[in-house]
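The chains carry the letters A, B, C and D, assigned in the order they are written, with residues numbered from 1 in each.
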């Protein structure tokens, strides 16, 4: 679908004729230096910004796509369109062209870019929420929980307004385990696992997965364990949801609660 | 929104340019006699049929709107549009202009109309699913479980292909209780309660509610009890889903599992 | 280990070597008048009091046995022995010799007797908890929730310190339904159902059942619905427990949480 | 009731008046060589066998006590007494006198001893179940899941008839993490975690914990994740139970389901 048509449809259906949205595509999120030094980085490390025009201080949702760290591409979940929030949607480098922890480093670079540039698009650095689905949920968790990745960009991960990993691994991601020679059904938790970085002072967190019987690889239970460990360490703003009727493809029903969560933490 | 625009949008967004959908509105579902004798019936007892053109033998979903038996109007949940299924969406008479069991009688009349006329719209009487939200879910349950209502139209309720009450009462509806002088928080189960009519040979049934903490009036738990009683009597095709992240307004996430349920029972 | 050794360990481990317990058996709980007028009442309406000697102001647990309102006899669950609490264990008249609501009336008479006489055994009328299993749980709920039964004995049901129905019906008891010609698998909720009498100001309540898959007749779910309705009406001290690994015979694991509940509400 | 009466009832109620039980205490489970070389091993590595006299081919339950790998002593949970099963209850060396993996090696040695000697006490090597509470549950899981430990004794771990860890870690035990310099609230999963050794062909497994809100350190959820991973890898005989009303001290209600599980797998 053409962008103009897309925008037309949006403005017709919204009933908020006064708000229009703009989409800026393929913005590099690494500096020129980095882009010169690595052709794949230059090609892949780009993001789109979708934002309400002529506003300021709006919420921004950073979206990391899924695909097992091996596939997928930046896109905007339909439910995030026309919601009065900006969306930063990110491509990051993929296995096997790169190995861990490059995926997480890219994700951190994209979040850092958002902190540094979102004002130019009407966003506020104090209202940045980080989310994504599956591998993208994993990246959201890692960037928000292991503070080392953002620290390299001089950003305190606790400045993130909220983390909403959708069906993301709590244990070490299976593609990273594959790189270590460990099977997808054999759990490990090391420094590449969100569980390893549970801490009381992490940003507010909303954890959502599909139904436990329909999900892949025990995803509900591993996330329920992450939820519990946040409670155990005294984190005061963590929620867990299980989407009955859905398996791993649970983005559609998760977006409205995600937006509820975001809005409740902004007011 | 105008119908032509609505249709335009649908065909643009669908990617199934070959299927077009038509909407026939305000079809009376009682006979002329009945319409003559009762002005409110004549005004209110109408339904719309939305259906894929130039097809046959398609699934039909009968939709009863919510509104506590006191309000609401026929409409089609967005998720049911362009799904290759026909939708019959129904107005029925409301409290306080009528009293129970008129609501259920109207619902039965509309389902009977569907059995008798859906072929004219490309539907199949063997593929009629009955659903609705809240009061509409209650009506779906009552029409499908208490066989007396459809029997008056010479229709066997067990010919319904499936029942999918969304967040509907299992106990006697609170507006009916109000008509009896009983408070909304005081449960009774009598012949106006779906629970009273649990039976092994009822149609396949999918029960969905919002999250137990967010729902109204114990809706999840009363429906979970209905689910269990179907299991107890030996019903072999009953499912229960709880929509985390949603309260009583849970139609949006419920429609895709509803369609999965429908499709799985048709093939 | 030899049995004598085992016994020795029991008495050592109790740490209450100084407390001895006494059992007074077969105390009639109706007045002489009533006993004269009804031979079956005279025979059946008796209770035992088991109590720690030479103490005062102790907690009393009234125990109603199970047996579907058709069988069973007064006894003391093993876990209630030697716990520093008095136990009043009650026989009540049974179907088919009597019909409803005689069972509930007898239960109320026994509770009334406890209010009026427990001081004589070292108990306190302010620390009376009412419990029982299955039909006995149902009777505990009815006596505590429908205030009419105790009112006949000039006792305010809200003076009960707590209700702990174990695996008791929330809906109208199946033997009462049988007396009405209604099948055990067909739910009704009328004035003989605890659910009908849910109210905000009821005594503290702990609801326990067996595991939902192993229980009979949907017992877990009907009790979960009772729990939820207490929450809906604003009751502030209600808990629900489901005993995994146990079906309807769930008294053994339920007694320790029952005692925890009792003790937490006394201090 | 007098204590003597209580005791009388116990012996009457058992119905196995003919069976007497014997307790052999402090049997070393390492060979003489090992005992000579290590004074602490010699002192600590002992077990008791409690068994029904004059029978053969009975079930044996190996019990590992809890205490965080730092404390505790062999004992027999009351519910395992007089149940027609033999119980092997084991002391193993403790932190800080030893470090991991000595605890697991000791546990394996005790299980190996049971395989090699239980016939002498009327047991059958084909009916050995391994269980324990807390740290003891962890040891049961490790010995049964990581086949290396028993392999050193030429025993195939899959010959164990069933594993029933009660409230045991699924992740690497916190005392082992302490030995690695990792906090008790920071999860890791490595080769000292039962989760690392999930496999399809493991013995039948029953997982029981206390209630999720009352347990320590997320114990229910980590065990629920272990349960799910067994399902994911295709294990066909795994069950999960959560003891409502109990926290980490959940042995009492767990023993009857444990015995049900054992008996169902023997017939």
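Of note:
The rule is short, and it goes like this: a contact is a pair of C-beta atoms (placed from the backbone, for glycine too) under 8 Å apart; a residue touches a chain by one contact, two chains touch by 3 or more.
Just so it is clear, the structure is predicted and the values come from calculations on it, not from any experiment.
At the interface between chain A and chain D, two copies of one sequence, more than half of the residue numbers in use are shared by both copies. The chain with its CA mean position farthest from that of chain D is B. In the CA-based superposition of chain B onto chain C, the rotation angle is 180 degrees, rounded to steps of 5. Chain A and chain D have Cα centroids lying 42 Å from one another.
We define each chain's centre as the mean of its Cα atoms; on that basis chain B and chain D are separated by 53 Å. Distance between chain C and chain D, defined via averaged C-alpha coordinates, is recorded as 37 Å. Viewed as a contact network, the protein chains form a single closed ring in which every chain touches exactly two others.
Looking at which chains touch one another, you get A-B, A-D, B-C, C-D. By the touch rule above, chain A contacts chain D in their complex via residues 171, 185-190, 193, 195-196, 198, 212, 217-218, 220-222, 224-225, 227-229, 231-233. Chain D contributes residues 1-3, 6-7, 11, 21, 23, 50, 76, 81, 208, 211, 241-246, 252-254, 256-257, 260 to its touches with chain C in the complex.
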